[in-house]
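Each of the two complexes below includes chain A, the first together with chain B, the second together with chain C.
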Partner chain A sequence: MSEANQSTIIQTRDLHKCYWVGTMPYPALHGIDLQIRSGEFAVLAGRSGSGKSTLLNIIGGLESADRGQAEVLGEDILKMGNSQRSKFRLTNIGFIFQAYNLIRVLSARENVAYVCQLQGKSKQQSLEIANHWLHEVEIGHLGYRRPDQLSGGQQQRVAVARALATEPKIILADEPTANLDSTTGRHLIELMQRLNQTLETTFLISSHDPDVKQAASRLIKLSDGQIVDSWDEIPQPPRSLEATCPLRNRPFTERLRHLFTPRRKARQQNRQRTSRHS
Partner chain B sequence: MVSRLGILTYVALAVRNLVRNRRRTIITLLTMMFGIATLTLLSALNDGWLSQMKTNFILSFTGHLQIHAKGFESSQNLRDNIADPEAISRFMDTYPEIIGWTQRIRTSGLASVSGSSSGVQIMATDPEQETWVTSMDQSVTSGVWLRPGMNKDLLLGKTVAQNLGAGLSDRVILMTQRPSGEMVSEVFYLRGIIETGAPQIDRTLALISLDGAQQWLQMEQAVTDIVIRADHHDQTDTLYRLFVQQLSEQVYEIMPWQELDPMVRQWLEFSDAYGLIILFVVILLVLTEILNTMLISLHERQKELGVMIAIGTQPHRIFLMLLFEAVLLIFVGAVLGYLSASLIVMLLAEGGIDLTGYANAFEFFYMDPVIHPQLTRDSAIKILLATLVAALLSGLYPAWKATRLSVSQALRIQ
Partner chain C sequence: MTDAKSQLTAHLARVAIRNLLGHPRRTLLTSGAIALGLASLIFLWGFNEGLHRNMLGNFQNAIIGTLQIHRQGFFQQPDLALTIDNPQQISEALERQGITRYSQRLDTFGLAASDHTTQGVMLIGMDPLNEPKVTELESRIGIGRFLQPDESYALILGATTANNLQVRLGDEVIMIGYDRYGAMIAESFTLVGIITSGEMGLDSGMAITSLATLQEMVDLQGQVTTFVIKVDEQRLPGLVTSLNDELTGQQLEIMPWYSMFPVMKEWVTLHNGFLYLFLGIVLFIVLAGELNTLLLSMLDRTREFGILMAIGTSRRQIAFLIVVEAVTIGIIGILLGTLLGSLIILLTGTIGIDLSTLLGSTSRFYVDPLIYPQLKLDHLGITASAILLASILSGIYPAWRASLLQPVEAIRNG
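Take a look at the complex of A and B:
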């Protein structure tokens, strides 16, 4: 293994993903080839529906791909079973979500300690770690509050502390500043940058927040499920809908349904969905 | 890596999740309580009157076990008698389970009082020994119990006395067949009226002393029944096995109380089956309610569960957590329901539920018109087990469904 390969922490090859709503295909990723190196503060940028979250979910093992490979820390996460993925995430990946997603019935401290306990640490040890990380994200004094007693920014800091508490090698953050005001958002970006530099944790963030993009050590732009611009990646040529969403990948009953759905009705359904999403 | 999320963490999570939606939890608990309380009350009523029925049946007439000469129960003929009852009586002191026994002669006959007649079941017994076996002596509502040595004393069931128009001290002529087949009649004097609470006994009973009957019927020491009372209903089977081992089945027939009246046995079996049906229906209702609550809860918490899986919780732990939540909900509801029903049973046990208005409908089944509900260990175990099964069944499906959750879809829920 070369030195260049050793530093590669995430690698995807020809990653395809298509969502189906009834008989209508919604292509999400068109053959993504991406390499993220250890210690990067990489940002996936692009408009809504460009495939940022889908890519992040596949890398995090929360979703499967239709085709291609996604190696994280040298292991193909797509070939793992659900239980294996859970274990892998617990050890190696921390998540920060747009909507914070804390467990409502647990206090801030317990939310952070929960993942440590899942890792096998004792309750006492887990609570100590939780206190440490809450101090680290500057809300140590709010540890006993429940999520609904915290502001959005404070909840996101708890989420960051939870993501870091297991000392993962990678943190995947999906629109972490989207629900925060600009000042709180900037504070969060500074915090993540500081942690990236001091702990050398790799950050892969999906965002269309200009402040986040500005802070990136590497910016990867996605459009319609393809990388269109990256400081390292070569933009890929556009691909056809049939190439990303081949009907043969669908179950037999779905294919049959597709065959018998009148095209006019399908177009009508599509228009309705488009108008709902716009 | 072994998770340290112990049982207490699951308890805490389950409790907090239940407390989070107080109104729904309270409504579900009330439903549970009502269901289990209803079940417990019905069970207590059933057990109460079944127990009364057993006791009435055993103490009013039959005892726990009867030994006859082979074929007597079907022939009811005095020729099928036990000629040497002492051979059996010697066993009585050796078994501590026996608290009383008596010898009887039983035959059918006719009673006449100044022109009116009625068919009767003539029963001759030892006045003292009988009091150790049945409560007939306490059922004398007017007059006195059989007096030792007074061979002309007669006691009649209340209804038969009314039918004959017989009063205390009246001459009553009893007529029956000797073992030889010879018809004989004898004058007796009515000394007491018996009301056992079992109308079929009160309608036919003519009670005389054993010594007098043996002389009258020329049976010497022979008897037709040896009636045994055990210390407790549950010891009947033990005694039955002991006597079966000791006595030749070619000569004797040994019958536990259940066999002496097939109707009573069938009624008891029917009541057990009926109790099980009620148990099944109530548990099914409870199960549906909890299943509904758990599915709604699962629907509301999809995102949270998705997050838990995303941050590394193994699906089987989610399964356990939800299952635990259902079990906890049912357990608390069941305990509250059982306790409230126990309280009601305690309050009703003393005075009982008066069904005098319906007594005629039940008279055939040795029921008292006042039912005293009672909670038995067997019923409590049955209810507890059924509740546990319901809890597991109602928790399994939502818990399994949670493990099949699409994490990415759950995370997209707003």
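Take a look at the complex of A and C:
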């Protein structure tokens, strides 16, 4: 696909996300500005804790952000309600998880058909679609097996088939090869590349697997919750934790806890945290 | 509902049932606990019903019948001046209502005298032909026999009275009383039967002769003080209303057994009250047990719910899955429990439960030592509905909790 034909499918602006452990804030994303164009096979690379999964989850509407915008297919997913997000995910986004995350009590075929039925397709139609995609990912003969009767690689192929069954425009894959051996992992990457090229589905993959990074049409480097141009670049630390992790976003009970935490102790904790970042 | 939507609902229900089948031990344990609770409840209720039927049946069959008709005020103050003016009219009214099991009596007070002593008694004149249609007094005569038609001046006494008078079968007993004019009368009777029921009310203070004999003795030929009627318990309230309407203006008192002896009714109500309390406790245990299982199951599957949400399952659909699971567990428990409870009742209802070690060989308070539990469809319906309701309620809280999960947190922490 030529670059001229590629429209922006995902766009984030000044995205911030903070996790809290008790009264301690941990900034996960710090001002992420990202554009993904249609049909890209983009890989989010970075060390563990760099914010890859968090960014993927926010783009997929699985998690909310503290600040900023996340437009997916022209719609700000952060402004949607829970029910809207569910419908949006079902129609537009396919997920592939590190741990496959198949439904244990359903067969491979039923796992794939499940999402089609959620879309309102009939049982028969859904099973036909499931058979088609299981053949596409080369495990059509294993459709009647349950997840616990499949190898890790086979389970991940079922997960890919499930992600594709609703014919989404975007596939978000979080460390899809992390639980696979290198050969199976490479086969999965080839499969995803083939599907990206034939279906023109946009893939956004978080991974620190060198094979995945090598296959990427674009590599996005994340470090300490910020996009960097090179791994040598040292990201700017947050100016203040209060600005990155505003207390007003916390639940009322947590805010009360802060009120009763001795100020000196909190300042000391924050100083330690900030110095660790810098 | 569109076809696709109904198929989706069916699909979600199938997933929920597959989840239950995927954890057979947990499902069976919870359903089994519900089944045991329900079975014990059905049995207890059936036993209670059998006990009440036995007690009330014996009480009514002993002497009072299901319903009595007297002249207004007679029940409180039995007096020969309060005879029924027109017994024929009452007979016709009863027959119009389709009542065939009724008998007439003449009741008065008297003094029974033997060679040794005297004792005050209620002297009852019974129709030997019709009395067996309304009571089972005949079967309570342990020594001798019941009255025969056309037999004059034959007497039946309770065992305690006979013992106090020191008389035996064939002995002469003098009955002293007042006739309709208030003049003192005395007649000689022959003892032909002794009631040995074990009930104080029957064995003591009662003397029975034929209606014709007593009418002749008190000079009230063709007159009666009491109509005793036997009908099904269910028919009783409607019959009382109909008879009241039909016999209005005749100064009669139409008294069902519970109006004459309210203590019996109150005892049954109190007993049922304890049973409902027990029902409530069992329901609470079922609710707590199922809630606990579902919450554990939910904790166990938090990750799965997160995945389902991530791939597009709505919160409402997740809640639906859990409620379906709860209801399915409840239905399995109800089916097993109803089957088990019914089998126990059918078995014990056939062979009976012998309580003679608790009650002694003879009945006490009109309860036979052998109780036959009764299976009633409305009991099954009420208990099954209550358990089903408890199952739905126990599914709602976990369903609500699951619907509040955040997909990422559920996947991460599950």
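The rule is simple: the second predicted complex is superposed on the first by the 231 of 278 C-alpha atoms of A that agree within 3 Å, B and C clash if a C-alpha of one lies under 4 Å from a C-alpha of the other, contacts with A are read in each partner's own complex, and residues count from 1 in each chain.
The rule is short, and it goes like this: contacts are C-beta pairs under 8 Å (C-beta built on N, C-alpha and C of every residue); 3 or more make two chains touch, one makes a residue touch a chain.
Keep in mind that what you see is a predicted model, and the values were worked out from it rather than measured.
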Chain C versus chain B on the shared chain A, clash or fit after superposition: clash
Touching partner for A:Leu90 - first (chain B), second (chain C), both, neither: both
First, second, both or neither for A:Arg67, with chain B first and chain C second: neither
Which of chain B and chain C A:His132 touches, first, second, both or neither: neither
Common interface residues of chain A - those touching chain B in one complex and chain C in the other: 57, 60, 62-63, 82-83, 86-87, 89-91, 95, 97, 101-106, 114-115, 117-123, 162, 166
Partner chain A, residues of chain B touching it in the complex: 1-6, 9, 13, 16-17, 19-20, 303-304, 307-317, 406-408, 411, 414
List of chain A residues in touch with chain C within their complex: 57, 60, 62-63, 82-83, 86-87, 89-91, 95, 97, 101-106, 114-115, 117-123, 162, 166
Of chain A, residues touching chain B in the complex: 54, 57, 60, 62-63, 82-83, 86-87, 89-91, 94-95, 97, 99, 101-106, 114-115, 117-123, 126, 162, 166
Touching residues on chain C, where the partner in the complex is chain A: 2-5, 7-8, 10-11, 15, 18-19, 21-22, 303-304, 307-317, 406-408, 411
